[in-house]
Amino acid sequence: MSLLELDGVSASYGHADVLHGVSFVLPDNGATGLLGANGAGKTTTLRAISGMVRTTGRIVFDGRDITGLGPDRTAALGIAHVPEGRGTLGQLSVRENLLVGAYRRRDRKQIAVDVDYCLDLFPNLRERVGSNAAALSGGEQQMLAVARAFMAKPRVMLLDEASLGLAPSTARRVYDAVVRLRREAQVAMVVVEQNANLAFSVVDDATVLETGRVALQGSSAELLGMDAVRRAYLGG
Amino acid sequence: MATATRPAPAATTTPPRSVVTRAAAAVAGLAVAVVLVVAPLVSSPYINFQLASIMVFAVALLGLNVIMGYTGQVSLGQSAFLGLGAYITAYGVLNDWPIALSLLLSAVVPAAVGMLVALAAARLRGLALAMITLALPIIGVPLARRFDGFTGGSQGQVVSWLRAPESLGLANDQWRYYVVAVIALVAFLLVRNLVRGRIGRSFAIVKENEAVALSMGVSPYRTKVLAFTIASALGGLSGFMYLAVVQYTSPETLVFATSINLVAAMVIGGSASIVGTALGALYYVLVPVLAGQVNSSRTALISGAVLLAVLFVLPAGLVSLPRRLARRRSARRGTRTAPHDTADDAATPTSTDGSAPAVPAPAATTTDQHP
Amino acid sequence: MSLRFGGITVLDDVSFDAPRGGILGLVGPNGAGKTSLFNCISGHYQPAAGSILVDGTETVRTPAWRMARLGLARTFQHPALRLDATVLENVLLGAHSWLPGGPVAWALRLPTTRRHEREARARALELVERTGLGWAAHTRADELSHGLHKGVELCRALLARPKLLLLDEPAAGLSHAEVEQLIGTVRAVRQEFDLTVVVVEHHMGLISALTDRVVVLDHGAKLMEGTAAQAQSDPRVVEAYLGKEVGAGEPA
Amino acid sequence: ESSGGLGGDGSSPGITDDSISIGISSPLSGPTAGPGSCTVAGLAAYIEAQNADGGFEFGDGNTRQVEFTYLDDVYDPARAVSNFRQLTDQGIFAYVGALGTPTNAAVMPIAEEEEVPQVLLTTGARTFSEDQEAHPWTTGFVPTYATEGRAFGELLVAADRPITVATLAQNDDFGQSYLDGFTEATEGSQVEVVASATYEPTDTTLDSQVTELAASNADVLLSAVSVTPLQVGVLTKAQSLGWLPSIFLPSNTSTPGTILQPGGAEAYPAVFTPSFSKNPNSPAFAEDEDVQAYNAAFEEYGSQIATTYTPHCTWSYAEGAVLAEAFAGMEEPTRESFMTALRSISDFQAPMLLDGITVDTTSDDEAAISTVELVRYDAGTGGFAPVDGF
Amino acid sequence: MSYFVQVVVDGLSNGAIYAALALAIVLVHRATGLVNFAQGGMAVAATFVAFALTRAGVPVLLALLAAVVFGFVLGALLERGVMRHFERGDPDTAVVATIALLVLLTGASAFFFGYEPQPFPSLFPNRTFEVLGVFVSFRSIGTILVLIAVMVGLQLLFRSTKLGLAMRAVADNPESSALSALPVSRLLMIGWGLAAGLGAVAGVLVAPQLFISPGMLDFVLVYALAAAILGGLDSPVGAVVAAAFIGVAENLAGAYLDVVGDDLKIAVPFVAVMVILVVRPQGLFGRKTTVRV
């Protein structure tokens, strides 16, 4: 069963067409990676899924065509997007940010538990739980953005360079947590990650984008077997 | 080098203005210039009055655009400087100062006042600063009434001056038009130069991000003081021009409502745009006239509707009209399927995408421009 | 040097020294205070105590915008460009501190200001070409992806002709190949302009390749100072920063 | 050569054998739009009704239709000048009845220079009426504010006993003229001003001023307030402070329905106001022929322009009749002839003016209506009663 | 002494008028991040509905309720039909759009009801009572009580309800909020609706004193803006305190500072606001917005 399926998706900003017919399939509880150079269209692909850019083609989530639905609608269906860069609500406190993340949920008690879980996962955040998100360090804001997505209890997470600006150990911890989430809560994920080592440690398969088109697609093992891929992404 | 994975930019690219667009702009500019020189010779005093009024408010708007459009600091007090400039000029004329002195002081004194206010307030940003500028006309009106020896009190002052020199064979309205047109032209040229180079970039970065400004050697405080001083000077100058055209000044000249209307006209014309400023003045002067043509007892309804309609169609101002039309044309030529209606689904477009008209028309593809 | 916000101590008595012409790395876990340290040096923050000497002169009380004129330039962790302006316009801002002339000169477009402006433009274009962004010089910044913004920021800082360059996570969001290219660029400009560079980075590959020395911060205090190799093998650093699997995030 | 000059056939612009065009610019939006609209609506009502009735008889034997153009100036002098220029450009014959002191002041020099009649202005500022030698093309219509102030001063002086007065005046020409007139009349008498305050038309309430004045406990309050809600506020506030002086109100803010009743005027020993026009809404005048004609005309032609009533509606209606009178005296189709005719009306009983109030334009330093009748509010009838002394 | 107290009491009752509108400004700012110049226009339009109803014989209280409902719908519709178009663009354009709405609403009110101020019945008894030589009107007391209730309500809304949190999130960053499934457009509509409903309350409270006219709140808006900004723009308590301060300062200045006099007394609160803002840019009760480099 596929949870998320992109079929010939194209996207544009204003009049600049950026994606040209991108397709891939994310199985239930799967994890797929998107690779590509700067400007290849990784971010745009994720934005297309969550409905933040003009999109044509077909995006099917859980059997439902979600092409053209706005981000609030896709989020309500269970797609949590951790955006690139600062994705936090700057003038709200860390705790409030987490509560906003849980906006759709009704299970009050469990929310409190999950807030606690996030604060445990990121001790930095616990220290600054009352301060405005805008005051946090770059890495701390990134943690908060990830934690906020966790709070949504999504069915699929779209991680756009979730390790951006994180210390190596923290980045590791984030992906460990993601993997655990996948295992325990059956959360599927689409991972955009420049740190290919990290990426390949969590995804089953990956799509390589080049100028908005699919250049390569294959399982992690297949891709890692290719010299060109290793050179470009791993330097090996 | 990472040539293998380097993206071919899908982005649209605006090359430095091409020869064609430059030529087109030059021709258009020349045409406008000719019209502006010849028009008063063949028009009625009424038309000349309107043309001259456009010049007056263009300079007031130019000042507002420097502080608000280019530097990003909301000012709700421009009318106060306009009024001050007019009063100074009136005082000068009634006391037989040389006109050059009135002209100079009508800009310098408001500039000094503006600078003083800015020295105190320029550390603020956003609405706090707006609040302080708002207080200027609010306090200015009763002050103008109080010092009636200088201002003529609430009756105002009729100042009949600036008659056409006999030798020129021009009527008064023509002569006054040329005087204000020359002042406006000089002001526009100077500001145009200013906002293009080093100083203009410092304005822009203060608007965008004060922290970056600091790190690039731009003091936001000084920049704001400078911009505010220029804005006040231009406001004062427009007061001089106001008196030249209207020949009368009173506390009504500086009321708060005028400031608000100026802000609206600035945005309608095109913020941070020289051409937009001129278009804004056109709007400021002509829309009430048009509203009067339609129905004089419904002017508020009409001008509100026109204002809203223009904003709807051209959120980036009248100045974006050519770009908008060009986009229309290229969109029609293009083969892309129609994008779905985003206006209805406000949550859909991204923020950069939302201000759609600001995106320039796509130039030729540029995929091959890098190694 | 120390820095406090409200009750929080962000920097606690940190001292170090960046040798002229060298490249110093600054690493440490998130929230350790690296960016804040940069902010102190560049004058955006006022340290509660301590002193900062640039080229032998005390600069703690110097306003940030003067620092730029003293030869300091920096990039930001989160790229901050004018999105509605072209790449070239963004980069040109870097020339602000050395372009001569006040408002009057610029309003009058004196021949000298015009000459300087042309010169700045030429330099800017050259820098943009060198960093591989030449094709984008006339593209609006909001049409570029996140990774490219980093490059534009670097050009902007370089156009300021700094003596001291502070880079805050320049490699964040770059792919491996792009990091390699960045390393090359930084090395080259360092040589050419006789720059002193301080770089904050979580990308240990870049740190190893580029820096002569690293300072490790943790919770606002200096944990150690040494070469990149020393740092990576220091157990305290591994514990606080790198995580158990050393270099797990890095190419083996 | 100014447009006051003659046209090809010797006539002034804006007049033909069967039509004449007149224009007006008043505030039709913004804070002063209430009175502003009325100055247009009343005039329009008179003119259109007369047009429908066949037109206006002119002294040269022709009957003409009046083409009436009105523009909005939002009380902005620059706009008023623009409007005036537009109207003359469109070829109006005369500019009639405009409201607003600064706006008319800005227009006056142009009217004088271009020799366009700027007449029967609905403003009581002295500038437009005093010294008509100096500005022969401009005249006022309604009594000057000073006239009103003087009338009240005279009433107090006539009482011939010590009276203490508190004054509250708008901080502009309106308030100042009022006080000037009052002071002129009371100079050297036993009438003493013991407290005075001013206000800005933009103030939201005058409570503090009234509190200050109440502290004087004066016998009389001269409340030269021209803003309806503020005037009502004065009446209610003084009462609530337990201060019940005799009150004097200007003619433009003394309408029973909108001011006196809401303000609880019946609580005061006496409320005086100068009056010169009939209130069309007052039951006292329900049977009056003038009022019936006015109501019919206004309903038909004016109510689109002014939705709410102020006395300016009736004033400008009366103005229409004065205009007609001037037309009747016009022997040539020229502006000069019009001005001559307009300035030789005397003892003319215009419709809607109270009995005994007549129009006299022959004086060089007075508005067309230069007398007022002081009346006293009669809470019982909801109308006004004549005054026989203070 | 009682004169002094009377002057202060008068000032407070003026302050109540400013506070009423200031609260609505705060509400809309908190909910949308915008300063809304049309706030007064919406309030007046809704108050005119109440006016028409009371004229038709409906009791004031019922008319008030109807006006609130009308205001809510009007605000929500304007957001939906007009402001939505500008929410993602340049904020200056959005502010000018609110100016356009103000002009348009004023014109519309005038179209139906004319420009001249008309009396409006009071919700509270039109009487005064005397304490220790000071006269206080029931209307002022009633207005102040209602305002305090509204203020507390708003404070609770923003501080301790999920709706309030969501509204603040959307005002902070709509795009990021949408990613957490917040129904951004609906929340913005609710924000405008509530602000306009509150505007209706404000309008009905002050109309008996100011008389209803299309421009009734034009100048009050200036005071209200000053109060809202002085109070910190995001703080209901701040807005009310600042409004009271402005009202009292103005009256005291008029009464006791002879140089200032009645004409320039308006300068006193405005100069005070200027000075306070220079010292404390975030306003009396405002939280500093955190900006980091």
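Brief remarks on what is shown
Here the chain labels run A, B, C, D and E in written order, and each chain numbers its own residues starting at 1.
Operating definition for what follows: a residue touches a chain if its C-beta (ideal position, glycine included) is under 8 Å from a C-beta of that chain, and two chains touch if they have at least 3 such contacts.
Given the structure is predicted, the values throughout are model-derived calculations rather than measurements.
The chains that touch both chain D and chain E are B. Contact count check for B-D and A-E (C-beta pairs in contact): higher for B-D. One finds 47 Å separating the Cα centroids of chain C and chain E. The distance from the centre of chain B to the centre of chain C, each centre being the mean of the chain's C-alpha atoms, comes to 38 Å.
We define each chain's centre as the mean of its Cα atoms; on that basis chain A and chain B are separated by 44 Å. Chain C and chain D have Cα centroids separated by 73 Å. Contacts with at least two other chains are made by residues 35, 44, 76, 80, 143-145, 175, 177-178, 180 of chain C.
Multi-chain contact residues of chain D (touching two or more other chains) are listed as 29-30, 37, 171, 200, 202. Shared interface positions of chain A, i.e. residues touching 2 or more other chains, are given as 13, 16, 36-39, 52, 70-72, 135-136, 231-232. By the touch criterion given at the top, residues 13, 16, 35-39, 43, 84-86, 124, 127-128, 135-140, 142-143, 161, 163-173, 194-198, 231-236 of chain A touch chain C in their complex. For chain C in complex with chain A, the residues that touch the partner chain are 5, 8, 28-31, 34-36, 77-78, 143-148, 168-169, 172-178, 180, 202, 204-205, 240-245, 247-252.
Only residues 162, 165-166, 168-169, 172-173, 175-185, 287, 289-292 of chain E touch chain A when the two sit together in their complex. Residues 44-47, 49-50, 53, 141-142, 145, 153-156, 158, 160, 242, 245-253, 257-258, 285, 288-289, 291-292, 296-297, 299-300 of chain B are the ones that touch chain D when the two sit in their complex.
Residue ranges of chain C in contact with chain B, taken from their complex: 42-44, 63-69, 73-74, 76, 80-86, 89, 92-97, 99, 101-103, 106-109, 113, 117, 132, 134-136, 138-140, 142-145, 156, 160, 175, 177-178, 180-181.
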